[in-house]
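You will see two complexes here that share chain A, one where it goes with chain B and one where it goes with chain C.
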Partner chain A sequence: MERDAVLAIILQQIRTVVPELENQPMGPGDSMADLGVDSVSRQEVLILSMEALNLDLPMVQLFGPRNIGELAELLHGKLPA
Partner chain B sequence: MIAAGIEALNVYGGCAYVDVRELCTYRGLDMPRFEKLLMREKTVALPYEDPVSFAVNAARPLVQALEEAERERIEMVITCTESGIDFGKSLSTYVHKLLGLKPNCRLFEIKQACYSGSAGLQMAINFILSGTSPGAKALVIATDISRFALADAEAVREWAYSEPSSGAGAVAVLVSDRPRLWRVDPGAYGNHAFEVMDTCRPGPDNEAGDADLSLMAYLDCCEQAYRDYARRVEGADLRHSFDYLCFHTPFGGMVKGAHRQLLRKVCKASSQEIDADFERRLVPSLLFGQRLGNTAGASVLLALAGTLEAGDFSAPRRLGLFSYGSGCCSEFFSGVADAGGQQLLRRQGIPAALDRRQRLSMEEYETLLKGGEVIRFGTRDARLNHQLIPSVWPAFEAGRHLVLDRVEAYHREYRWAGEPG
Partner chain C sequence: MASSRPDPAPPRVAGIGVATGLGYGQAALLDGMWNPRPLGGVLQRPGRQLEGRATPFLGVELAEPPALLPPRVARITSLGGRVAVAVLDEAWRDAGLDALAPERIGLVVGGSNLNPREQGLAREAYAGRMAYLLPSHGYTAFDTDLCGLCTSTFPIRGMSCTLGGASASGLLAVLQAADAVRSGRVDACIALGALQDLSSFELQALANLGALSPSSRCRPFDQAHDGFLFAEACAALVICRADLGLKHYGHILGSAWHSNGQRGPDPSPEGELRLIRSALASAGLDPAQIDYVNTHGTGTPKGDDTEAAALAQAGLGQAPINAGKSLIGHGLSAAGTVETAMTLLQMQAGRLHPCQHLENPVQPDLHWVRGAPLNHQPTHALKLSFGFGGMEGALVLGR
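Up next is the complex of A and B:
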């Protein structure tokens, strides 16, 4: 899977968790916090994204990315080769 | 095997609170996000209150209710806190003296962030189960106070949602071989622990950390501690083994998120089932946390108290408890309570005591935030001003509550409000 496909999955989960963002333009440079996604919902997005990618990792391994693009990069790197 | 567990429990939620909605409006915080905290009020500690006074005010009714012969069997006092007042001397030494307990007693303090209350409870339960002193009782008191000191406007911005959610409170439990309130399932527990720098208190007056990392560690622990429990306990079933669940509650929304993930991962439950299950099995546990705020080490015991107060105990119920402390260590464990236990708990009149607290205006609250009267860690000498917020003092007097009076050569001296000093 390409990194852009991972990014698309994350964006889709954000819109699922926060329906208010349905029509909000967002891209790799945005951070969920800046988009107004609260801390519990941010975790929810990570959980749903992992599910969609068939990944089962400790949540703490997903700590660090400063924006959605970096998160996509990190998740992409965790996918089996 | 000897039965062991909680014989009696009491909560002390202070004498003053702020309305969390009012605070969020005052701070200009986003209302939809506020709603997700699932918070109503938060207890505010006055400068003449400390973890000792909170602990004693929680424990005193339990000790007073005992016959002299029973009181003499309190052979261990464990204080559980992340709000310590000395590096060496434990809070339990003050508590022991102020409650008038016998000298043949083990006194010590436990620290592991918000996990401390469960650590203390488990130590006490295992002391009883060991049978080394048949008939002995242990007093475990989880006591934590958050204080915010208003340095500048930047401080308020940094606090964000931690200000409305952080509270103060103490829960005292008497642990013995007469577990009339809650009987532990011996050997039914699971742990998950690993080193992580999610939140910490690197100095006496500051907290540091990252909210996201802390939530992640909490979620990981919730799942893995339960899985360790299920590994140890034959036939454990997350859906059916527990009538109620009581989680460490930094704020209600966190518990909701953790419960959601746990049911999804362990039971593959649907969203609809998860929402209904949360209402049924977890909402009662939020009763007191919504009124005190996050009480750190006391929070899982507060959740237990809420469930006992608000739940349906027309038949014996098994309660699953999950405790998490940053840094981190966690535990999932269980026990059983029945109608008699609910009756005993309700006799403490906890909701009525919380109703008697004085609501602080934002102006009074800001006076406290300025922090001028707070006894800093390491203070040598001080005399406390009990009239700093005059509207609150009558609540202390009416309740005959313990307050800090002065500090002399580092020694803290207390007095009972409303009684001659």
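Up next is the complex of A and C:
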């Protein structure tokens, strides 16, 4: 799976968790915090994204990314080769 | 409210919000009180039926609540939560609570184990993929999430808690809210009788216990009574200091709250008589001054017979009596709040609703309201609620 496909999955989960963002343009440079996604909602996005990617990782491994693009990069790197 | 002297400045009820099978809002409830109609039917919500059961479970379900929450909040909010917000919104606007400081407004949510149906559905949905259980379940799975939901949706910044008292929860929440106002902890306190969202698991257990009626009609105090009819319901009452200048439905003149020493569903004749006498004493009233009784009246033979006998023995034979559950079914945790709302609305209207399906009353010498509404202006009303586990509450309301 390409990195952009992972990004698309994350963006889709953000719109599921925060339906208000349905028509909001967003991309890899945006951070969830800047989009108004609170910390619990961010956890929901992470879990939903991991399920969509069939990943099962401890949450602690997902700390660090500063924006959605970096998160996509990180998750992409965890996918089986 | 354990004192035996009347309260010199009794708290008042200043706002009412309600949801029953009759619809959302006071107007739908009033219409159903004056024009009773059977509401029971086959329960339709997911998780309410058992595959292979000979007969389906019957009851009363609410219409979809008005969409008041932002979509991101509604997504992780239970049916009971969305209904709670709808009734709280009605009560809030009715009382004009925006006039008070948020720090002086409290909330008591009546009910416990409120949402086994949706939790059961979630267990099924996540079977085999528990690693992906939504993090929000970490707080929405608890009854106390209703406190968080209500206080984050409305400017409530005083005390908040849930209070479990089985089918007396809704009434005990009113008593706790009144105590919070009387003690000065807050100036206004919302008592919210929460929707008890049962699954087929609890319904089957209640059926096996003999508590659930096999029929879709609830017949409190009729000789043909055969159990209660499960109903979704919810209500919120705003209880406040009498000197705030808010709307006025009635005063809370006295109350009683005790345990009758039973673990399960069995009523206690001595307990109910003691409860009624204690409530009247706290209001400083004689039985003859009570001119309306809103019963617990579930439609279970033992419960009805015991309550009717207690009313007769307490000297309340002259007071008109009815049973809200004959109209809307049994809302369990919500029942006491919904029925207190019905009591106040009837006092305001000067009219009492008939008991539906009451043809051959047990204790025929009591003053049952049946057949048609009774034009009658109560001055002092007594409201009773009993819960499994022997939790019993009584409320004396004045105009």
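We adopt the following convention: the second predicted complex is superposed on the first by the 81 of 81 C-alpha atoms of A that agree within 3 Å, B and C clash if a C-alpha of one lies under 4 Å from a C-alpha of the other, contacts with A are read in each partner's own complex, and residues count from 1 in each chain.
Basically, a residue touches a chain if its C-beta (ideal position, glycine included) is under 8 Å from a C-beta of that chain, and two chains touch if they have at least 3 such contacts.
Everything quoted here is computed from the prediction, not taken from an experiment.
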*Check whether A:Val40 is in contact with chain B, with chain C, with both or with neither, and answer first, second, both or neither.*
both
*asked:* Per the contact definition in the header, classify A:Asp4: touching chain B only (first), chain C only (second), both, or neither.
replied: neither
*Could you look at A:Val18 and tell me whether it touches chain B, chain C, both or neither (first, second, both, neither)?*
second
_Is A:Pro58 touching anything from chain B or chain C once the two structures are fitted on A? First, second, both or neither._
first
_Where chain A meets both chain C and chain B, residue numbers_ = 40, 43-44, 47
*In the complex of these two chains, what residues of chain B are touching chain A?*
30, 33, 36, 161, 196, 210-213, 215-217, 219-220, 253-254, 256-257, 260-261, 264
_Touching residues of chain C toward chain A in the complex: what are they?_
70-72, 75-76, 129, 131-136
_chain C contact footprint on chain A (complex, rising order)_ = 16-20, 40-41, 43-44, 47-48, 50-51, 56
*chain B-touching residues of chain A, taken from the complex the two chains share*: 36, 38-40, 42-44, 46-47, 58-60, 62-63
